[in-house]
Each structure stands twice: as structure tokens, then as C-alpha cells.
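You will see chain A twice below: alongside chain B first, and alongside chain C after that.
For the complex of A and B:
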């Protein structure tokens, strides 16, 4: 078995309101750091997986993202990095 | 003023236990997706900011990260992308 490293990022779809980003904007205004900016928050997962082939690793990562990491109604995911050790 | 786009990622320091990553590992095992893997979770922020210069934008972003986005005792941040529009 080989080790594969993935980085998956997830975030709310563009049309969905992002309350956590808005909180950062408001606090920054209140602390007088900055007034003119927009924040969108997301999550990422660095995943190390043992699999027999790249194909198997990718299939498991897709399954993991769709079943566990996101709510497909409001979120999207993107596999950002891939590395074979 | 010009618009600058930053992407900042934050995560727990390597020596700090990551319970959210462990939850993903356990659920994946329970759903029989995969047994051999490790997950580390983090957050990212896509930030659009208006500033007079790149220097000013960078200073504000550093201040924002240190004062609002992370707890410096247990977390680290990294500016991943920078773009000037």
C-alpha cells in the first residue's frame, strides 16, 4: 500500500449567506482594523490515506467528501492538492 | 484605492490534538469508507480588502489574522495567496 496526501477545501456556495465571514467583518470594523473588506470563510482538511492505487485513493476521498465533509445542498468542495509519497 | 485579495489559512499547531479531524476519521471507519487514514482540519478565509498600497493591505491582513482569526497559543496562520486586482 502507498500513502497519498490530499487537501480538500469546502465552503458555502456563493449564493449562500456566510454569517461567520460577516462576524469577522464586523469585529474588524469595531476594532478599527479595516472598514473596506469582505470575508468568506471555509474549511480545509489535510488527509493522509493508505491505498493500493491512486484511483482507489481518489474514489475514497470523493466518497469521504460527499458523505461526511459537506452538506451538498449548501456547500461545495474542491480537491486542492494531491501528492503520492 | 486598489482591491487586494488574500487567502489566509489557519490550523492547530502540529503538537496540538485535533478532535474535529479525529471525528472525521471515526465516522469514515464506521461508514466503512476507509480505515487507514489521518485527517487534520483547518479553516481558511478569502478576504477582499481595499487599501492604498500593497504594504498597507498586508499590514491590515496581518493584524486581522493575529487579533481576530487565530488563538496564537494553539493555532498558526499562513497567507496562502495574494492577488492585486
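For the complex of A and C:
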């Protein structure tokens, strides 16, 4: 068995209103940091998994993300990075 | 006539089970409080998923609760027999996560936790019930699926819900889910008793549709 570390981000789908992201935009404009930008709030997970192969690890992580980390009706996930230890 | 047996499900983090139990007792049900590991639901005609913060709202509201044995058992019961399900607030969130009600519940448009009385319309009746939630903005992608439901509407939308939706009643499967708390306007001193509109609707539906006695 090998150990794999996955870094996964989740966020609302682009077409869905994100009030927290909008608040960050408004405050940043008020502070005169930047005028034209979009913010989407999300979550970040770091997951360590033992598996026989990279393929098996990826399959398990994708099932975990679909079933637990997101609600597919309104959210999406992205594997940002993974490494084999 | 024998009383309708109703189960109030207490998940880890549920905190409205006592007032829900009292409300059911007040309306004339025979209520029991059961936990999330109960799988034998045969004696119950009504299952209530009450308000609260099941599993601390970890990951997202209702996400963890949907994988408990009782939700699995509920799905099996729905395939085999008539059973009425009521989801209040966190119960509504669990039902959408579990796929038993279409759509999803998202953070309120204001980004704030809203705690106040709101006016509602359901089956030609107008009444007030309290809401207390941060994630109550109803969203649905396939709008045509709403044709399968009776809608409980806010008269003054507090949270940005699609189509002013405060709750949905699936007539075919007897599943009623709503964000407002009917149990809080039934047994709380000095509050109006308008919560009985919801509980009496459920009682009448079970007596008529399940027992044929109304």
C-alpha cells in the first residue's frame, strides 16, 4: 500500500449566488484595493489515503468528494494537487 | 380511535426534539423520541426530522445525517408502504441532501442568520410562524419539478428563496418539508397557536389517506 495526499477545493457552481463572496467584493472596493474582480467562497480539504495504486486512490477520492464533500445539485469540487509519499 | 404513532428523530446535534414532541402530544398524536440508529419504523405512521444542527452542520447542513441508518430505513419504508415524513428546518435540509425533496438550501442572500416571525401562505390559509436559520434560501435547477409539490410561500421573502418557497409538500409521497418552525407556535406560552395548522393538516391527511377514517 502507498500513501497519497490529495488537496481538494469545493465551491458553489458559478451560476449560484454567493453572498459571502459578494461581501468580500464590496469591502475590497470600499477599501480601494481593487474595483473589478469576482470572489467565490469555497472550502479546502487535505486528505491522506492508503491505496494500491494511483488509479484506486483517485477513484476513492472522487467517490468521497461526490458523496460527502459536495452536494452535486449546487456545488463542484476540484483536485488541486496530489502527491505520492 | 387509536392515536397516530409519531417518531421524532434525534440526531447528534438536534435540539428541537422536545418542543416537537410536545406539539405532537398537544395535537393528539402518540409521540416517541428515537435516535438516528433506529431502523425498525414499522409502528410509526409519521416520522419527524426536527430542527437543530445535526452533526454540528459539519461539511454542510444535513450532509452527514443523510448517511445515518434511519434515513436509509425511511427510504426503504417509502418504497413499501404509506408513511408521512415531516422535516422542519434542519429536517428540510436533511431531506434535500438525501434526495427525498428536490432542490437544495443555500446560505441566506443577506449572509445573516435570520430569526423572526414570518407570514406564510399554504392551502388558502395565511398564518405566521417563526424562522431561525442561516441556510434557508431554497434553490432548484429543474423548475418543472415544482409541479409535483404544494408550496408553502413567504408573503415577504426573508432569505432570497426561489419563488418565495418556505416549504414543499410532496402529495404523492406524503413528505412535508419547511424552514419555519410550527412547533414553536403551538406550545410556547404567550405565542399564537398557528403551528397547529401544519400539524392538523398532517393528522387529517394520515386519517384520511392512511386509515380512511376522516
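One rule holds for everything that comes next: the second predicted complex is superposed on the first by the 85 of 85 C-alpha atoms of A that agree within 3 Å, B and C clash if a C-alpha of one lies under 4 Å from a C-alpha of the other, contacts with A are read in each partner's own complex, and residues count from 1 in each chain.
Here is the rule we use: contacts are C-beta pairs under 8 Å (C-beta built on N, C-alpha and C of every residue); 3 or more make two chains touch, one makes a residue touch a chain.
Being a predicted model, the structure only gives us computed values, none of them experimental.
Asker: With the two complexes superposed on chain A, say which partner A:48 touches: chain B (first), chain C (second), both, or neither.
Answerer: Only chain B is touched by A:48; chain C is not.
Asker: After the superposition on A, what does A:38 contact: first (chain B), second (chain C), both or neither?
Answerer: first
Asker: Could you look at A:76 and tell me whether it touches chain B, chain C, both or neither (first, second, both, neither)?
Answerer: Neither partner.
Asker: Would you mind checking which one, chain B or chain C, touches more residues on chain A?
Answerer: When the residues of chain A touched by each partner are counted, B comes out ahead.
Asker: Does the superposition put A:68 against chain B (first), chain C (second), both, or neither?
Answerer: A:68 sits against chain B and chain C alike.
Asker: On the A-aligned overlay, A:60 touches which partner chain: chain B = first, chain C = second, or both, or neither?
Answerer: After superposition on chain A, A:60 lies in contact with chain B alone.
Asker: Taking the contacts chain A makes with chain B in one complex and with chain C in the other, which residues are shared?
Answerer: Comparing the two interfaces on chain A, one with chain B and one with chain C, the shared residues are 68-69.
Asker: Can you list the residues on chain B that touch chain A in the complex?
Answerer: The touching residues are 1, 9, 11, 21, 24, 27-28, 31, 33-34, 36-51, 60, 63-64, 67-69.
Asker: What residues of chain C sit close enough to touch chain A in their complex?
Answerer: On the chain C side, the touching residues are 59-60, 63-64, 67, 96-97, 103-104, 106-111, 139, 141, 160.
Asker: List the residues on chain A that touch chain C in their complex, please.
Answerer: Per the stated touch rule, the residues are 12, 16-20, 22-23, 68-69, 71, 73-74.
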